[in-house]
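One chain, chain A, appears in both complexes that follow, with chain B as partner in the first and chain C in the second.
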Partner chain A sequence: MPLLAQSGYGRAEKIQKGLKSGCIKGVILSPRDEEPAKLKDFSAELRETYNDALILFDPQFYATTVLCPRDQNLPSYDYYNNNKGLSRTKFTPQGIQRYVSEALAFQNSVQELSYYISPTVIFEDFRDSWSQISLGLAEQAIEHWSKDLSRNKPLLCSLAISEFAFRNREGLDEFLDAISAWDVNGFYLLINRNSTSSNAIFDSTALGNILYFIHVLSRINNYEVFCGYSDWHSFILEAVGASHTACGWFQNLKNFSMSRFLPAGRARQPRKRYSSGPLLSSILINPELEAVYSIGSLPTALSGTSHDSILVNHGPAAGEQFWSGEVACLSHWETISSIASSLSGQPASKQLELATNKINMAKTLFRSFQQREIIFDPSTGPNHLDIWLQAIQNFKNSISSF
Partner chain B sequence: MATKILYSEEEMALAFQKKLLSKKGLPGIGPFWRVFKEVLSLSGRPDFLGIQKKNRKKVQFSNLNGSIVVSSIMALLKPNTSKSLKTIVKNTGFSLPVVKRVLKGLVEDNHIVQAGADMFKGTEVSLIAEMETFVFELKLNNTKRAIFQAQQYKSFAHHVFIIAPPSRIPNYRKFKKVLDLWGIGLASFDPDTLSFKIENPSVPKEPASKQQLLYTVYNAMAQQAAL
Partner chain C sequence: MVIPDLSAEDIKTAMSDATDIELLSREGGQKIVFTGLIENKKWALKFMRPNLSSSADQSVEDSVDDVTARAQREVETMQQCQSPFLVRPGPIGIKSVYIKGEPYIFFTEEFIPGIDLKNYKKKTGVLPIPEITKLGIHISEAISSIWNWAKIHRDVKPGNIMRKDSNGDFILLDMGLVFDLNDASLSLFGPVGTPIYFSPEQMDFNHRRTVLDFRSDLFSLGIVLYEMATGQHPFINKGTTSSFEVVNNIRTMAPENPCLIRKDLPQGLGDIIIRLLAKRPALRFRQIGLLIEALTKASVGGK
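Then we have the complex of A and B:
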């Protein structure tokens, strides 16, 4: 499954290095974090060096509905600046028409983009008025793309949905009925998390319904489904049919939340983590990985990436100072990507079984470490693994009655 | 049934601070040259950081700010060997413009010396060689959390002690192996009598990360006056 870089602040050389190593297959650009000219230059540079890289652009139009947003470079984009501070009443049919044409016009001006992504707003419930606005924006985008842009490249309809909305299965089914009739290439799906912290555990009912939502769109209706900010969930999303997932480097580029666009205080320096494939978790280098090392079990927790030698050669605690943000990001991408690759190529029915086996193996490994008195921070796990298993079970129950 | 503790963690911390700052310091450990409370580190915020000097030599603490870039560069540069700009960028993981800007400031303030075009080395004064750091984490309850935090602090401190009320010491028995493996000390402290007793000695060890040690000490020095 092709993993994409979810771009944002502080990209430096991460994307180029990720593409070069093959652990990512493209990028979703963030206008909040780049001026238009710089973004265009970067797209051109990528296209020239990596001809087959997927380059997408999330218009981040949802930020127009936030009052006093932390929108950084977004105001330098006309489609955003002309329309910021939108309330519900501003989404008239004429308004929607203008927002869509402006947002797609900018994307049309960036030749290197592989897809169009329609503008959208976030909604909290499948039956609320914002969900209707979201549908209106997507339908207008399809019309504009068909008539005015002559479908000159594929279109993804963007959906930004609160995780809480997925608890309402009835509303979800109605919504699926509406969107699964669209004549479009696919969807760019964002799940608005309630919290961006690394221990932001999903509700298992909501996650199960998200899996169902993706499955219906991809496997039943043959749409491409791009899941943004999917982090560790990537392999489960692929197992149910997601065609692409994306993940960035900072916590706010791994989990999608509108808090990224809201005023905030100064964040504290994040503690360094190692993405352990066998544990399916980003564990703290110190003390968690160091504790594993101290009992002589380091190899069992390593993902086998090309960056592991830094921690193996020095020992985790001593090697932590060489574990830069860039190394952590590339290692994380390599780990997520390799887990997902181990599922791809398998029949759809087998993929979920393999994903479940991986989760059970991670649970066993966590348990064996805990039995040897290794203490894990609650943000590390292993509680998330039980939630994943429960969500997969909920999903299986849903499709068995499909 | 566990004995009820009639004081809060803050009250315990106030009493412990008094003991730390006393002329004789802590029994079995001795007095401290400097003591700081709730210091910012890259591995959490320990309740107390005490610094002992290894000898009577005057230690010149630089007035460096506690940024992660400064501490990463200072940890990398040694007085006898020069390092190239390229190596510094590669080993610290920061971008070239950021490293260049910080190096310029460090050279101007004589914290490091430029040893040729794009070559740099540390100065003769080795801050780390002159001091021994002690971290004290006070906990009334939550034994596991105390051990987890203590393990984190080993990345920048020579000694780490968990301080618990005497009645809570038995809760740590089942973690004896972990405490010994990590060299974490355990001591009881009674805020009513100010009695301090080492129950499990700390094993002194060079901090795992020189960079984290410098970051913590620079922050302590720059952001707060010693108690």
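Then we have the complex of A and C:
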């Protein structure tokens, strides 16, 4: 499954380096973090150097519904600036028509984009009025794309759904019935997480239904499903049918939350982490990886990326100073991309079995470290692994009743 | 609605341009069908009584009675849809006529020499395997042709599918219950059709979140294919005694794998039939073309 970079603030050379190394296959651009002219230049530069790269653009239209948002460069985009602070009542049929045509017009002006992504709003429940607005925006996008844009490139309908909406299975089924006959290439799916939750820890019922949602769209209905802001669980999303996942470098680019757009206090500099494939987790370099090193088990926790030598040669604690944000990002992409690749090419039925095996192996490794008195921060794990296993079981139960 | 009590003699007096009139069938409780020659070609002549009591209760805008409205829709749909697997309209559109002092409406449509699948099953039993995939492909094409006009047939069942004597093609008949998504007035007619061939969503007609589209017809086609492959209705088992139970089974019961009943049924074809019978539209086929593709693969032995 090709991994894409979820672009955001501070991209520097990460995307070019990721594409060059082959650990990512494209990018989802962020207008919040890039002025229109720069974004267009960057797209052109990428296309010139990496002809096959997928270049997508998330219009981030959902930010128009936030009052006084931290929207950075978004107001320099007409489709956003013309429509700031939208309330529910502004989503009239005429309004929806205009928002869609403006958002797609900008994308049409960027030749290098591989797909259109429709504008959307976030909703908390499959039966609330925002979900109906979301459907209206997507349906209008399909119409506009078919009639006015002559389908000159493929369209993904964007959906931004609260994690907890997925607890309501009946609502989810109704929603799937409504969207699963759309004449469109696929979907760009964002799961709006509770901002206080760690990114790996989902509600297991919700995650099981998210897996079901992706499976029905991709494997049953043959849509391409792009899962934005995905992190360690990307390989599970692939196992159930996701065609692409996207992951960024900061926590808020690995985990979609509207808190990114809300006014907030200053954040602390995050502690440095290492992306451990065998543990399926980003573990603190100091003290967690250092503790693994001290008991002589460092190789068992390493992902085998080209960047590992930094921590191997100096030891994790001493090597931490050389573990820059860029290295952490490239190492993370390489790790999750390689985990997902190990599932690619396998029959669909086998992929979930392999994913489950990987999670069980990570659990075993965590347990062996804990038995040797290594203490892990709750945000590191291993609680997320049991939740993933439970979610996979829930998913299996869902599809067994087909 | 009462079946019009008409004889071939009555029709002869009402239709001077038709000859050799013979009674063909009494359809669905509402229509009586004759055959007759018009300009030396044999056609089906469908007669029904307008429901004058229903039009009297309606507003001026809805002044056409429901029987006439359905007949108009049936003729209109036949004229719109271009498919070799749908019955074609005849030379005479809807006309009103008084017979023995009573008002009737009638229209003509293609006469198809052959046997409907309800009678085929009674006489011959199940279809040979290649015929099952052919049936699936032909009726899918017919449903697709109707859906191109944002319409749903709503009454796909063995009695409405004719197997042509001339070439063995399957033809979907009777578009009297067609539902037009673009015509709100049709909600007047509520859930209609034959309950044991209803899709789950067809029974849930009044639920505002229910999605009703071509996938409803695909469900009914799934029942037909199951029956013609196994000889059994997928939602009627030994203990089922009423249509209410069948309707409940349609909502809740997982049908038995048809390959367990008919041992020579290829697994790929069995899987397609089971997929058509999924309770949720999202679990069936999102494009009729994908179903036809799957059936074509199944017909050449693929999965």
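Some notes on this structure:
Heads up, the rule we're going with is that the second predicted complex is superposed on the first by the 397 of 402 C-alpha atoms of A that agree within 3 Å, B and C clash if a C-alpha of one lies under 4 Å from a C-alpha of the other, contacts with A are read in each partner's own complex, and residues count from 1 in each chain.
Here, a residue touches a chain if its C-beta (ideal position, glycine included) is under 8 Å from a C-beta of that chain, and two chains touch if they have at least 3 such contacts.
Note that this is a predicted model, so its numbers are computed, not measured.
For the composite obtained by superposing both complexes on chain A, the positions of chain B and chain C are free of clash and fit together. Of the two partner chains, neither chain B nor chain C is touched by A:Leu298. When both complexes are overlaid on chain A, the residue A:Ala318 reaches chain B alone and has no touch with chain C.
Once the two complexes are laid over each other on the shared chain, residue contacts for A:Leu389 go to neither chain B nor chain C. Of the two partner chains, neither chain B nor chain C is touched by A:Ala105.
Legend: residue contacts after superposition of the two complexes on their common chain; A:Glu373 is shown touching chain B, with no touch to chain C.
Ranked by how many residues of chain A each touches, chain B and chain C are led by B. Centred on chain A, the angle reaching out to chain B and chain C in the chain A superposition, using CA centres, is 160 degrees in steps of 10.
Closest contact between chain B and chain C, by C-alpha atoms in the overlaid model: 49 Å. Taken together, the two complexes place no residue of chain A in contact with both chain B and chain C. Against chain A, the residues of chain B that register as touching in their complex are 42-44, 68, 72, 75, 91-95, 144, 147-148, 151-152, 154-155, 175, 177-178, 181-182, 208-212. On the chain A side of its complex with chain B, the touching residues are 12, 269, 271-272, 284, 286-287, 290-291, 294-295, 315, 317-318, 320-327, 373, 375, 377. Across the complex, chain C meets chain A through its residues 201, 209-211, 213-215, 254, 274-275, 278, 280-283, 286-287, 290. Interface of chain A with chain C (complex): residues 127, 173-174, 176-183, 216, 220-223, 401-402.
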